[in-house]
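I've put the structures underneath this note.
What follows is chain A paired twice: with chain B in the first complex and chain C in the second.
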Partner chain A sequence: MMKLLPTGFMDRFLGRGSAALTVPPLDGALKPNNLLEELPKGIAATAPDDIVLWNDAPLWSDAGKLVSQGGVLVEMSSDITALAVCGSNLAVATLQDGLLLLDSALQPITPEWSAPIQNITALATASDNDLWYCTGSETCTPTEWRRDLMEMNRTGHVGRIDLTTGEVRVLKRQLGYPAGIVVLPNGHVVFSETWASHLVEMSPEGKVLGHVFDEIPGYPGRITRRIGGGYWLCIFAPRSPLVEFVLREPAYRKAMLKEVAPEFWVAPNYRSGASFSEPMQGGALKQMGVLKPWAPTWSYGLVVALDADFIPTSSFHSRTGGRRHGITSSMEHDGKLWLTGRGSGEILNIQLQTEGSKT
Partner chain B sequence: MSLADNIKKARYRWFPDHIVGEVLSKSWIDNAIPFTIMVIVVGIIGTLLPNFFTGSNISILARQYGELALVVLAMTTVILVGGIDLSVGSVFALGNFMMLYFLNLAEFSVTQSALLVVLICGSVGLVNGILVGYLRLRAFLTTLVTLIIVRAIVDLLLLEFAQDMSMSFYSSPLWDLMGLGSVWVFPFSFVVLAVIAIVAHITISRSGPGWRLQAIGGSRRSAHNMGLPVRRIVCSAYVISGMLAGIAGILYASRLSGAGTDTGLGLEVLALTAAILGGNSLGGGRGSVSKALMGTVTILVLTNGVLRLGLNSGSGPMVLGLALIFAVFVDVRWMKNRHKLLSKVYVSPTLMEMPKAQSTEDGPFEINNRLSDVDVIALGEVESPEDVILDEDDNLYSGNRHGDIIRYFPPDYKTHEVYAKIGGAPLGMSFDKDSNLLVCVGGMGLYMVAKADRKVSLVTDETNRSMFSIVDDSRLRLADDLDIAPDGKIYFSEATVRYEMHDWPVDALESRGNGRIICYDPATKTTRTVVRNLVFPNGICTAHDGKSILFAESWACQIKRYWLEGPQKGKTEIVLDKLPGYPDNINRASDGTYWVAIMGMRSPALDLALKMPAFRRRMARRIAADQWLFPNLNIGCVARFDDSGEVIESLWDRYGKNHPMITSMREHKGWLYLGGITNNRIGRVRLPGREESWTGWSSYWGAKSGRKS
Partner chain C sequence: MTAPVVELLNVTKEFHGNAAIKDVTFDLMPGEVHSLLGENGAGKSTLTKMIAGVYEPTNGEVHYMGNTVEFTSPQEALENGISMVFQETSLVPSLTVAQNLELGNEKLLNRLRGLYISSQQFLQSLNFEVDPTTLVSQLGAAKKQMVEIARAVRHDAKVIIFDEPTATLTPEEKYHFFQLVKRLKDQGVSIIFISHALEEALQISDRITILRDGQHVITDEVAAFDRDTIIRHMVGRNLTDELYGDDDGQARKSRPAGKRVLSVQNLSMGSLVRNTSFSVFEGQVTGVFGLIGSGRTEMFKIVAGILKRDLFHGGEVRLNGKPVRYRVPRPAIHDGIIYVTEDRKLEGFFETKSIAENIYSGLVGADLNKSKVISYSEMAELTKIWTERLNIKAIDNDSRVIELSGGNQQKVVLAKALVQRPKLIILDEPTRGVDVGAIAEIHAVINELAESGLPVVMISSYLPEILSLSDRILVSRLGRIVEEFSIDEATDEKILYAAVH
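Up next, the complex of A and B:
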């Protein structure tokens, strides 16, 4: 069919397609449950962000600290924004110092990078010396992800680092906040393009091969491997029609960014409900003292199990009014799924059912 | 302040957006399209024909108009009831012939003949009516058969009597007046039409039979289910149709005094086109006399114009056919899209600049937890106690959303009974001098529960209609809270005149001055609006000195005073503004100050949106109401202020555990009782150091009268 007008224009005129404000429903494998909410109390943390398996035990970042079950191992000079294990070394991305490399004794051995690397949101190792990274945005740090969303930036990129030479190659630019990446068995990578709510598959040379999972009803973050095949995807905040609407209202959006304090924006968040100055939506009006679990919310807790083809098979939820919101990362080890709960300030773990047993 | 901002402000201040929606919600807006078509057709034909607008031409047209419009009215009557009458043309011809026959051959007087003709034509209608109404035959086929048979009868009669009739020529002053004369400048037929049209209009739009007629046209089955005599009414519509066609035939006879085989030929198509082109819905149930009259003007001018423009012989029917299909098209599209258009334009937010709120970090509104150890009354047993009140015997009363007033028994209020059944959601309450309970009921008005026998009676449910309102705003939609002045006059607030009670969020979205304060005077039993254009006026309270009333404007976050006497009488002034939340009910406190419930808190994102009406309008159109930005009614507080507008203290339930939201509070003997419209409980908290004997009723009506200020 001949296109007389650009699609975007027709969409805006008719309010459909890219201009539609609808958000995909939580349905099928994403059907809500209360599994996250019902977990026992986890290990307290102030701002847990990423978790990896280090020396056969979980190691997580808590603001600027690297923490294991035994306690604080080392403290960096600024907040840690991503972690990855590269053989016997540990790659640590920080707010101010960019990417650092620590040896097995957690002593810095950072080589000279061929280009500065900033605002790293996720790391993934392909081999001991081959590291993939996601830079969320050129202008906003990972702690300012809400600003990046509301400014509608598309300045993120995905790149690859040779840890021996320090060579940095950017393979894909102009992305809407890539915030999670995983290397597939065939050497390809899948990263989450968060503001577009989809997962993208890319060849090692940087050729985009397509969307492996799209129309995600939230903002997808980090992706990790499941033992026995498949992946875990952390969806750290929910999408909402009101946010979609505000994103299409430049005047209001810009005035809000300028005049309203960030914690009271119409924008998703890791946690919500703490202050009455946060915006409230109609469906969240309590009736007879009850906040309905399907009410609109600014924060949500959601971890999705994906199979090897990135098709969701099951999920763990913490719904509206719950506490276990803003799950930022996951790590499966020894039959347990470890999670960093940013919303509630906890390191949680879920006892996974063994293969084949169903209760 | 930039120029653009000023222009925007002026535009929202002076251009009444909400009127567009209100005009569209009127039923007469259906006339807009037929009226436009009529004006266009008259304009075009009038310009094309050189002497169209001359007196003689208008006079000739008006005479024809009278006859044609009567036939269209006949058709409209039947269309309204959901049928169709194709026999109008034949009946018209029959009426014409019979009239001439009675005058010329039977030598009856004009009056006798006319009555007989109306009877005969009515009986043809009766045949149609019985077949369609009682025997449930298809209207289209039945009246098609009548069309053919009556036409055949007329032709037979013509064959028999035409020669005799042409020999004689009847003449009388009345007959000449009917055919050629005028009443002042109006032709006789036009006057007859005017009288019939006025009667028909009043019948259809303002009387029971007319409403029943339209009800059947709208949905025959529903009309039957609700007990209407469907068959009889359908039948009578056809009888009326026959009679009207007969009258048109009489007028035609008087004008031309001749009967021919082509009399009234094709008239049914003409009448049908006119009726539909005027905007009468072919499906029935929607239509009016004015629509029929407009359609007739269009069709008459169109057919006459085509004739006089001297176009080809086929062009007349062609124009008629095109007009009919156009009318049907417009009818279908309009019916389908009208309510969509209305729902898109009715909500019309306005520009509202919220002043910077008083701080809740420090000062009198500093958040505390003084309501955390509230005694909870009737937890889970009451739903939506918007207001609470206590009488002199310490009984506690509240409304609930099931439409009752509940009474709780002292001292612990663990037991309760239904005090009175109202039937609507009771909101604000007050005791009068004789301890009768006055209550505002959402959607119903102001009611009274008598002290003696608990009899519920209506006090008032309407006020005077505003001078320039488009919609009728005399009926009370959302009476909210009331109080009684020392002279016994009842002042009550109506939060909004544009929405029903459960649509209050839409009113919040608009934030326009849609509400008003109304006064009911028991002495004269009259209700008058005293202050208009208030932004969701809610709580209302007579000042301690009785000289003024205080009322809260919820969405404007301010409290105002209306002077009842003194030099400022009749004037309104702001007492307390820049509130951090939305004020609800106001009630007296024991020390000469006032309690106000803050039902919800402001949020910066919503305050910003209030400055952007177009943003809010698009929000209302594009996303579901449960996704809209709302005033945050999940947390509130109780504050106390004095006559000068100084806030003295506030009581909060910081975590919303025991008493989440508050719409009203009453001080009574050292306790504060709390109600909330989304709550399932009533709260009670001990107020240390307050006067232990003070009650609300005695403050108003007691011997020493609690006037302290």
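Up next, the complex of A and C:
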């Protein structure tokens, strides 16, 4: 009898399979701690997004500005959405002008691209002239990632750019918001398919080889290399059963997108808890006036250390009620892990005990 | 001071030479609520069963109302005014509630109508909302417990022993139960109260006695205790250090976690497993601790296909990233999920078959036998390998499993599981009822399995075992995994605290 009915219907009826409102637990190496919360105050920023190593020092984007520890270096006409260092040049993705290439003096030397590139969420260099990029969505800009999630779009793609000729090749389409990419030592790439909460390995020719890390309890973003082997993965927002539920209720979801202000959507965010009008999930968050550490939250701070096989080994957290939420990118340099904290508006750094390890 | 109603003087109870209770002295005053606390297996039930006539002490004396007594059956104890409410309910499922209440003092001919009316009145007087005409088999666990309690009260007992009465009750039912206890106390009834809920014990007792490893630790007025001191008395163990070797300062390093093999999300089954989520990783021993009834066995039985999850919104089990749902164990065994039972006598082996036949049956069960028919040469070869590897001691391999000691029986069960080439092995109470020497050998096997890269789940009620073997410790409470510890942060106190709160 089950065979006669479509599986989608049976799944919805029985609450299983594609209709199971399950979120994987934060356990094992992802066991919650307060390490991000305990960090000293970082460098203030308004909307930090990506961080790279430029001239042996950290360089980060803050809305439309490129900032180093010395101060603002350059200001773009629109927000910066991703950065990558290609030899002596710097690739900068912006909201309005697409991908720009700057030379070592940060002067534009952008070649003519063979196809328009928009909505870039992440960049990774394979060699000085070979750049991989992720476009999160064809319809939503990276600042509208929450809308993209709520519309359940699968319009992102991963592609490759030759910086000398300007040739753009799209290698994999119809992805659920790819938002992080890293090139492996063997030339393959691993990118995060954010709305599917997994990391995908792909050959340089665009053949998908499988999921290297799946069932992630949050939305994975940028991936960077760890010194001494392995990777850092920033998980910029948490998954929650309520969001999973809303995603399975199209009528409610569409009405919400149309009628409710974005800051009060039932959707994850970089930061939360600022307004009492925010939606709450399943009853009380507080007991005897104390916020429960396991209370459902719209935002979370999580950076995961992965080994060379993408198996998590340790993690840094900022839990419910914390401020260091929405960590969007990381960069390891000189025994320190630099992080852009979008939720708290800070550039943080963690002193690593040994290179690539947990403090 | 008045004389105690019940007095146990230096009692010892041995089962096959293993002392469950060692030299314990205990007394119960008239009109007193006396709580008995201790870990699983501390001997609380055994001690009270000696009072209620279920067991006879191996040594020592039981005094009741000032006289030495030797009850040979619970019925005899009941006639003398000692009533025990058992952990495992002892009601007759095919009779109605009223009939069960009347059971034991029924007349030759009974009029059901009168019986139902009097039972109804009686149950209402206790504030227990149970319909006296329903069959006991149709009642839930909590209602059964209420009937059980009502039955004890009805017999006008002078001593009532409650063995974990509140585990299945809702807060409101608990409130009524506590009111009942107070009323009984005012009537001069003495009550022994066994519970894992320390708060309850602190709330209703006059005195508290703590047992540990079958020995008496402390008896004192309730005012002398708080939650922390009780836990300390419950776990502070000196005995077991000898057994498990306490390398001071030599912190055990946990094995690094490998790939996630099993991911359980939001799994539910009735009221026993409630929305639990956890993961199991390769190359590690994942210890699962929980008090009895906390659903830890059930969680893993669902994973292994022995029990079924709820049909509606029952959650997901993912094995190596793929969702699986087994309705029977066979496909689970084919996928390499091997569950080693805690109740080996019932579920673990064919007791009248030989060691060889039992081990071979595991192989046949997993369809791994080479020949299409039963091959005695394959059986002999297999048995030779595994008896040597696990050091199973028997006169010969044709001796029946029932004739072996507990330790050797457990090794046969383990061998039977290991021949099935597990990819995920779940060991439920691997050393229950096993002698000390065999415990060490079984522990060595478990460590070996984890080091070979296999994901091992070890469910145990025995804290030192959990602490000495696990790399990660999960604590379950009320059908849910509530806490995870890494081995460097786990202590007896922390684990027990998580398990009872």
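We adopt the following convention: the second predicted complex is superposed on the first by the 341 of 359 C-alpha atoms of A that agree within 3 Å, B and C clash if a C-alpha of one lies under 4 Å from a C-alpha of the other, contacts with A are read in each partner's own complex, and residues count from 1 in each chain.
Going forward, a residue touches a chain if its C-beta (ideal position, glycine included) is under 8 Å from a C-beta of that chain, and two chains touch if they have at least 3 such contacts.
Every value quoted in this text rests on a predicted model; they were computed, and no experiment measured them.
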Superposed partners chain B and chain C on chain A - clash or fit: clash
First (chain B), second (chain C), both or neither touched by A:31: second
Partner chain(s) touched by A:264 [first = chain B, second = chain C, both, neither]: first
First (chain B), second (chain C), both or neither touched by A:215: second
Partner chain in contact with A:287 - chain B first, chain C second, else both or neither: first
First (chain B), second (chain C), both or neither touched by A:242: first
Per-residue contact with chain A, leading partner among chain C and chain B: B
Touched partner set for A:278, first chain B, second chain C, both or neither: first
Partner chain in contact with A:15 - chain B first, chain C second, else both or neither: both
Where chain B runs into chain C (options 44-52, 62-70 or 80-88): 80-88
Chain A residues contacted in one complex by chain B, in the other by chain C: 15, 21, 241
Footprint of chain B on chain A - complex, ascending: 15, 21, 240-242, 245, 249, 251-252, 255-256, 259-261, 264-266, 276-289, 291, 295-296
Of chain A, residues touching chain C in the complex: 14-17, 20-25, 27-29, 31, 211, 214-215, 241, 309, 311-313
Residues on chain B engaged by chain A in the complex (per definition of touch): 383, 505, 601-606, 608-609, 611-612, 615, 618-619, 622-635, 656, 660-661, 678-681
Of chain C, residues touching chain A in the complex: 256-260, 263, 265-266, 277-279, 281, 311-316, 318, 321, 323, 325, 472, 474, 481, 484, 486
